[in-house]
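Chain lettering (A, B, C and D) follows the sequence in which the chains are written, and residue indices restart at 1 in each chain.
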Amino acid sequence: MSNVVLKTEGISKSFGGVKAVQQFSMELHEHEIKGIIGPNGAGKTTIFNLLSHIILPDEGKIFLLGEDIENKSQEEVAQMGLSRTFQSIRLFAGLNVLDNVKVGLDNEGKYNLFDAMFLTPRRWKEEKRIHNAAMECLTMLNLEKYKDYRSNNLPYGIQRRVEIARAIVSRPKILLLDEPAAGLLPEEVFELIDFIRLIKEKFELSIIVIEHRMDLIMNLCSEILVQDFGKTIACGTPKELQCDPRVLAAYLGEEE
Amino acid sequence: MTGKLFIQLLVNGISIGAVYALIAVGFALVFSVLKFSNFSFGGTISACAFIGFFFQKAFNQPPYWITVLVSSVAGVLIALTVDLLGFNRIRKKNSPKIYYFLSSVVFAIMIEQILTVFYGTQMYAFPSIFATTTLQIGGITFSKLDMTILAIAISLLVILIIIIDKTKLGLAIRAVAINSNTSRLMGINSSVIIVLTFAIAGFLGGITGVMLGQKYSVYASLGPSMMLKGFIASVIGGLGSLGGAIVAAILLGVVEIFATFVFGAEIVPIVLFGIMLIFLLVRPQGIAGRIAEEKA
Amino acid sequence: MKKVLALLLAVVMVIGVLAGCGGQANTGGQTGTDQPSQAPSQSQGTQKDLEPIKLGNIQDLTGSASEAGVANAWGVEYAVKMINSQGGINGRMIELYTEDCKNDATEALNAYRKLVDEIGIHALIGPPLSNSAATWKELVEEDQIPCVGHFMDESCTTDENGNVYKYMFLAEPGCIQQSYSIAKFALEKLGIKTAGVLYNTANAFAVAHAKPFMDYINAKGGKIVVEETFSWSDADYSAQAAKVAAANPDAVFLSDYAAQAKLCYQQLREAGYKGIILGANTLALPFPTLVDGEIYDLYFLQNVDMFSEGTDCYDLLQAFFKENPDSTYPKVNACFGYDAVMVMADAMRRAKDPTDGAEVQALLEQTKDVPTSSGPITIDPKTHRPVGMPMYIATYDENNNVKIVDKIFVSEDALK
Amino acid sequence: MNNYQIGLTILSCVSVITVTGVYALTGLCGMFSLGQAAFMCIGAYGTFMLTRYAGIPLIPAALLGVLAGVIVAWVVGRLTLKLRRDYFALMTVALGQAIPSLVVVFSEYTNGALGFTKIPKVNGLIWITLGITVLVVFCIRNLKYSRYGRMCLALKTDELAAKSFGINVYKLKVKIYILASAIACIAGILFALRNRYIDNTQFNWALSAEMQIFLFFGGSNSLTGAVVSAFVLKMLPNILRNVQLFGVSMQEYRIILYCILVLIILNFRPAGIMGEHELNFRWVSRLTAKIKNASGRNGGKA
């Protein structure tokens, strides 16, 4: 397969006495969609928090695009091209959909505070660029009709998609999706599967997705990691895992 | 500085520190459950001092403990009123923290203004409780009032810590302090606990009010002027930590007294500001070492 | 957003118009919280010189200094009523416009601008607090409004180079003279050798008293052995008190308003200090009712002898008590207000046109032996402060009644 | 307009300028500061001590005064803005007390409690003030509708999410804090020019709290609301100076009244009077014609 864009080497994290993640290692390749599944409390979201450097690992190394991110802050990791969504939707309630998406681009905006306050030509030019990029992204994802809505007034499914749009507008290399199907109706899940495929193609993304919904995971992912009590208990293609007794015991047995 | 003077200053510092401790604890208590700095606490203290004074006057000097009791009941009532009018709806709507801040600031100003407009023109002093005000032990002068305040403050703080650590109520308060939503799921009625916490803080405010009024006479900015010291103590102690606040308050009292003695009073606010800055820089988790993390 | 500003400006305009109307509507009726002392109905001539003289009066009617301010305003009103009932100033009535300055510099300036620009006052009576008067000390010259008051801080009448603020006049001994008086009393009558001071560096009144006190003691053979300070935000002075007690001077001068002076007194005594305590005129009644514990060896300044029958101020205070039955103790500020109007009225009487600010200003400089409740006042044209006025030293007896013990004459130039 | 009305207008404009600064800080970034009056103090004393003792002309002195405020804001911001917001709010309270007490410490130069005078008279101050007010409001309005405004609103709602878009929350907060403080310094200088007298007690925490009250009254999410309420609420008490209601002077009770009003707003309309609405240009243009007629001299400005 192609290049490795994200690699972890035995990262661990414990909170108090609880070992949330133990010796987690994986490799994410370019244009790959990898899935992480596991019961509640298996440490899945903690892995995302570690990857996006919201929390720092107790041990182990994370390589993003071949670079060790040990000394990088959360913002710097994001700037390097790692973007994510959150388990509970975290859109900015004070901003409308368009502005929410623009925030994804704003940090790279090329004008300073002075330009902003005194409306210099540079500000107009950059704002136009940001606007166009955001609109392009919304159009591509069929969200342009919602651009003026306040995010909290929209249906849940749309909010999810806006959140994803915001995460990818800055053209990151890697996207981490934390339970994107949570709270969605079954038919919405299929739309979401198509949507994720679409963005993967259009934005040339490598994606890791955490999900409970087996249908989504089985449909999307080329490889799946199964987590339980912080440990990776199995790893393989959807087909391989479907029959793995360990997975069934730890996870599938619990569901439904 | 002679050894005797040193001890004298130490005694003074500890007794002023005890007063700060009462304020800091009332402040820290509310902070621990609601996670915001209750600026209105200073106003509550002033108002209680006035209520205690007028009660004392109206009933022609009843026994002292009755005044203290009346004033602390008044403190509870004021705290509950502030909670009801200022924070209740905000809490129910789950509004941003900033509204709590503003609400408490508004109450702080309002109480101070009401007291200033209606009673600000005159000065009020509690009648003395001791015929002679001082006591000499080994060449060191002890103010009887200071010693009484110190004793009351320490016993109140001990009782409070016992309540928090050993009773079911205390357990519930601690649970709500850690996470009010989770506590609700576990069957703790967190709104009742929050109101109770306000009531306890108000009770402390009432007693503090009378004691400060007795010591410094009664005026509108009595509470607010002492409040900042309580704030600083609770920041140094670690926001929301009771034990830390008490230790920090007493240290603050001692530092203040010695700084005043050595450098003069003008420098003290700057010294305190500097101490706070340094503390936040070196040990942001405070003396208690517990930092209330913002939720990820 | 510019357009928002345009809107705002429109709002300003509307407000301006409203305010203008308000101002006009008020001239005849109520002004401030006090009734202007209306001229009794008389034949109104149309000529200019029968029009009333507009006298502004800015006092602390509310706020933390209102205890003094209200009494001061009463004195002003009383004097204006008296003058009007005696036929006014050369036949012209005085119309009084009182504004509140709330012991706040910005409010004081607002009040000043309102009186000058909206009412068009011809002269101004100022408050006894120097900070308020200091806001307009440079403006009265531009507006040609003579101002008489009891802003006792020297910086309100002369600048640091000794140049006078031309339109500002003080009607009582300034801080320097007052502090010299108590220092002189302590050195000569109490025979002290060493002294200490404890004062509020954040209070203009306190600073302006403490410095000259120290100068006088040091210059006249005494020695200042300890100087301690505090500020508004402090309530506990035990460290300062301990330091003073350790130095143990013969006398300690407390310089601040009554509430703080009370704490100083109490904490000094608690710290074991047994010597003499001296104070400014803020230690007058009701000081003893505030203090927790016994009062002894306390001497303080008084501007007038308010307790001996037969003096002018005694009579004035009787009138004050009659009109203010709630007052439990005599307030020297009632005399102050009265005196300031008397000094102003005297200059106006001598003027051809009492509404001409420049002329009245020139005549105020020649003020000589104007009878007031505090005795005759003569103003030194070089300083715009009175010369030759005595200060009284008082103490409390065992029942906490005020007892005048001495009368001190000392000039503010005593050290020059 | 006579001098009195001009003076009040200047005062209200100063209030607008400070509240606009506080809007950037609190309305946009969600940082609660109770120490902005301290920056007014720094600006005013810094500038006029330079003009008085160093003989520096007003404009360079004013720039240096603002620079002093910027440096203080930079130091305080750097140290406190990394911590959670409560610490920042408490630090600003302490700062608000420390700066005025510095004025007393340096009494020799500041004249301490006696008040600082000898502030030069500036002709046409009203036009300068109006110009600066327009400029400041204009700038902050532009800020709101720029990438900075969006990032600020984002970090106000959710710092963690904002960080995940590469926004350096800490740096942005420091920048906005410095900006707001610089604006407060400018307001302080204008305030001093208007009063031509300053003392340490004028810049107390009540002044800082007043700014917050004005802001939330108009609506902490609406610049229009903040500007209008800052102007009107500052002006109103002076218009009501002699109005009596139930036998009590309105002016005496104004702060209590404002507190009650704000409490009512907080309880029943927490977004403030204006909510999140801004004056819309289309809405304005309909009115502009009328306004131009009403105040011809402002036509050029608008």
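Throughout what follows, contacts are C-beta pairs under 8 Å (C-beta built on N, C-alpha and C of every residue); 3 or more make two chains touch, one makes a residue touch a chain.
Worth saying up front: this structure is predicted, and the values here are computed from it rather than measured.
Under the contact definition, chain B and chain C share the contacting chains D. The chain with its Cα centroid farthest from the Cα centroid of chain B is A. For the pairs A-D and C-D, the larger set of C-beta contacts lies at C-D. Note on chain placement: the centre of chain A and the centre of chain D lie 41 Å apart, centres being C-alpha means.
Chain B and chain D have CA centres that are 31 Å apart.
Separation between the centroids of chain A and chain B, computed from CA atoms only, is 47 Å.
In chain C, the positions touching at least two other chains are 62, 201, 231-233.
In chain B, the residues that touch at least two other chains are 117, 228, 266, 269, 296. Along chain A, residues 54 each make contact with two or more other chains.
Per the touch definition, chain D reaches chain A in the complex via residues 139-140, 142-143, 146-151, 153-154, 156-158, 160-169, 175, 179, 221, 276. Chain C contributes residues 62-64, 66-67, 70, 201, 228-240, 242-243, 246, 258-259, 262-263, 266, 269-272, 286, 289-293 to its touches with chain B in the complex.
By the touch criterion given at the top, residues 26, 30, 32, 34, 76, 79-80, 83-87, 89-91, 93-95, 97-98, 101-102, 104-105, 159-160, 206, 209, 212-213, 216, 220, 252-253, 255-256, 259-260, 262-263, 266-268, 270 of chain D touch chain B in their complex.
Against chain D, the residues of chain B that register as touching in their complex are 31, 35-37, 85-86, 89-90, 93, 95-99, 101-103, 105-110, 113-114, 117, 228, 231-232, 235, 239, 266-267, 269-270, 272-273, 276-277, 280-281, 284, 292, 294, 296.
On the chain D side of its complex with chain C, the touching residues are 1-5, 7-9, 11-12, 16, 97, 101, 104, 107, 111-115, 117-118, 130, 133-134, 137-138, 141, 195-202, 223-224, 227-228, 231-232, 235, 238-239, 241-244, 249, 251-252, 279, 281, 284-285, 287-288, 291-292, 294-295, 298, 301-302.
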